[in-house]
Amino acid sequence: MIWIDTLVQGILLGGLYALFAAGLSLVFGIMRLVNLAHGDLIVFAAYLILVGVQVLGLSPWVSALVAMPLMFGFGWLLQTVVLNRVLGKDILPPLLVTFGLSVTLQNGLLEGFSADSQRIPAGTLEGASLDLGLVTVGVMPLLTFVSAVAAILALNWVFYHTPLGRSFRATSDDPVAAGLMGIEPKRIFAIATGIAMVVVTLAALYLGMRANFDPSIGPARLIYAFEAVIIGGLGSLWGTLAGGIIVGVAQTLGAAVNPEWQILAGHIAFLAVMLLKPRGLFPRAVD
Amino acid sequence: MYRLTTRTRAGTATAVAILILVVVGVMLPAFASRSMIQDLFFILTMLTLAQLWNLLAGYGGLVSVGQQAFVGIGAYAMFAGVILLGWDPVWAIPLGGLAAFLLAVPTAFFAFRLQGAYFAIGTWVIAEVTRLLVAQWKALGGGTGTSLPREATRNIIGTDAIQALFGVRDAAARDILAYWLALVLVVLATAGIYWLLRSRLGLALAAVRDNVDAAQSVGVDAGKLKWAVFLIAAAATGLTGALIFMQTARISPDAAFAVTDWTAYVIFIVVIGGIGTIEGPILGVLVFYMLRSVLADYGSWYLMTLGVLAIVIMLFAPTGLWGLISTRSGLHLFPVRRRLTGAKIEGEN
Amino acid sequence: MLLETHALTASYGQFRALFGVDIAVAAGECVAVIGANGAGKSTLMRSVTGVIRNQPGMVLHRGEPIGALTSAEIMKRGIAMVPEGRRLFPSLTVEENLLIGGQARKAPGPWNIDTVYDLFPILRERRKSPGTALSGGQQQMVAIGRGLMSNPELLLCDEISLGLAPVVIRDIYAALPKIRASGAAIVLVEQDIGKALSVADRVYCMMEGRVTLTAKAAEVSRQEIHAAYFGEAA
């Protein structure tokens, strides 16, 4: 019985990781961009939401809703002004630029908000739980998981059933041919990063409500997110959810054996998948 | 008569200048203050790490974000040698190189299955795994870390002689010893890389960097080459890590496996100076140190500046500061390019 | 003139591919550009469609300089391209491949998904297949249909018969008169001289990055073409 409980908790934790990873997966799938600042962008969005709550007195949900268009604009600008200039065959320039961005964001937040731990108040939801008969689950983890599934459903709908999604896929396949169709690849990339930042804001809301955060925790979230993306396979959003769940379950199983092994178990699951399937479980695009 | 040579006038001048610099460097502890020696130690060790990362990424095309694994394992192996085996710290440093080498073998086996971005993330995850595993090593302090025992640090080989020679105290003598070792390491690493690039291996590396398939077709074994570069860089990074933590005499998993200190900074140094050149990291480490000195009192502003600088350089001068200088002046202090010399060659410009 | 190039030059690094090319295409006209492999035909197409950027004045659309515009900007002006090698999007179905051709530019005209399916009925049956699952000839039909979806003033066709069986080439060429009848001008880049001359009003022959012959298709002799194509008297 305890194992079923652990498994369920792991799957729900996987939802959080999938949420961290969904935006990364979108951007990675469309433009092969490795954004090493992704984790720090989640933390940045969490502070943005926190400001809305503390300074403007908004509820966390409303604050996140306000933050989303701001983050979209930020992502759009970031892609247009910085990242579009370094995209190319060589992966080194984008890697280095986003690494620089990561360090800049971390220390900017440190300067603005100090190293103190913060939390977005979630009110009555914080400790609430739901008895599902076989297991009892926290309302917050459940909500996170449902949000992750909803976010992936929405992204998939955009990706496969709208003209914008068509442009995403076409640009991902062949940016030059997409240009000949009147699609400006750089504009498409900017929109994609903007959308990724909206998902990042949603991830930040749950990150901030579920646990304490401070400016330094971004890189660890980035690693979990990347593990989810890579396990799932390039360009597959459902694969990313599966990847998140694998990391989440491995972590909770590890923690059940020895609390110190939680993170380690997640990484080892990742390494094991990479050893068996270097391109992930459900690769969509051929790279 | 034509002759294939890499020698240039600037290259010869550099050799002389470096010889003088090394001699001055060796004698420096006679006049320099202890804080200056410590600063130089920092510069030299960071330069070594930067040259090694440059070898990996700039010449070998292996963009690793996990070099902290080798710094950390090297440092911990040195501590293990001292604490568990009772070795002198100086003799335990090679143990650090060996441990890093041994870690690099399975790392390469795993990471070489991954391409590009996956490789970068894969190496980072391996470094994290190593950190978490080392944090389980209770004999070396687990997650909180440990210090070198006082008996071990007080009797490090050679410190007595240094104390007598310069009339300094025990701790200062240890700094001088570490500084000398750092000097040896940086000269060996730079000279080694330089030699490597001028050898047939360097030619093969350049071929692989330009076009893997073409290089394979003329008989260059790209796979073996990657292995060689990765293992060499890892072992030398391990030695450097061991030396760095011999000087601090205190270790913890978070410090020894810090991605910021041992990879981010190192990458910034290489990028700012100029990737794919030997001059670049040297220039980069000087800029890095100057920024650190100027902005030291402003805490996180320093790192922000560094991050922004790296972004700006990548956007507007992707070949780095040295790239700007050498394209303007045609200067190559460490010539690795082969040129034909002899009678005037038809069509040469 | 619908489209003109003026002393158009282009290089790939050190290698110069075009040395001052002048061509002109009038509205509704069908022009063939022929030449051997490496003559510069495809480079000319890449320059006209902004895949290679030029000096603004080297390419004119209705007298306005477009040489420095992006591919997307040029396409939105009504110059559509059927690229060499077809370059369908593997992640898109046949229908999506067609739809994306008319997505960025919405101009009134005869072409829409239904009229394209009428032009190439086989595509209607395969509409749900991934574009790259089709035969070469069918893929070429998708590429042409995709180009038509934006109702372009000018359709540039780069090597549409390359690598296809003669019977398939015949089917594809059979569609060209219908496309002309709809009002679009066509530039046909071809190595197959006979095919090109059978539908074109005028012909340019290129060799080594230069235009070596400009003539009316009905009047040109085999000897003239041979000389311009191979650079020697027949």
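Details
Labels for the chains are A, B and C, by order of writing; each one numbers its residues from 1.
Simple rule for what comes next: contacts are C-beta pairs under 8 Å (C-beta built on N, C-alpha and C of every residue); 3 or more make two chains touch, one makes a residue touch a chain.
Keep in mind that this is a model prediction, so the values were computed, not measured.
The innermost chain, defined by the distance from its C-alpha mean to the mean of all protein C-alpha atoms, is A.
Highest C-beta contact pair count among chain pairs: A-B.
Chain A and chain C have CA centres that are 43 Å apart. Between the Cα centres of chain A and chain B there is a gap of 33 Å. Chain centres here are Cα averages; for chain B and chain C they lie 54 Å apart.
By the touch rule above, chain A contacts chain B in their complex via residues 28, 32, 34, 36, 82, 85-86, 91-93, 95-97, 99-104, 106-108, 110-111, 219, 223, 226-227, 230, 260, 263-264, 267-268, 270-271, 274-275, 278, 287. The touching residues of chain C, counted against chain A in their complex, run 49-51, 70-72, 75-76, 80-81, 83, 87, 89-92, 96, 99-101, 103-105, 146, 150. Listing the residues of chain A that touch chain C in their complex gives 163, 166-167, 169-170, 172-174, 176-184, 284-285. Contact residues of chain B toward chain A in the complex are 57, 63, 65, 110, 113-118, 120-122, 124-126, 128-129, 132-133, 135-136, 143, 259-260, 264, 267-268, 271, 275, 299-304, 306-311, 314-315, 318.
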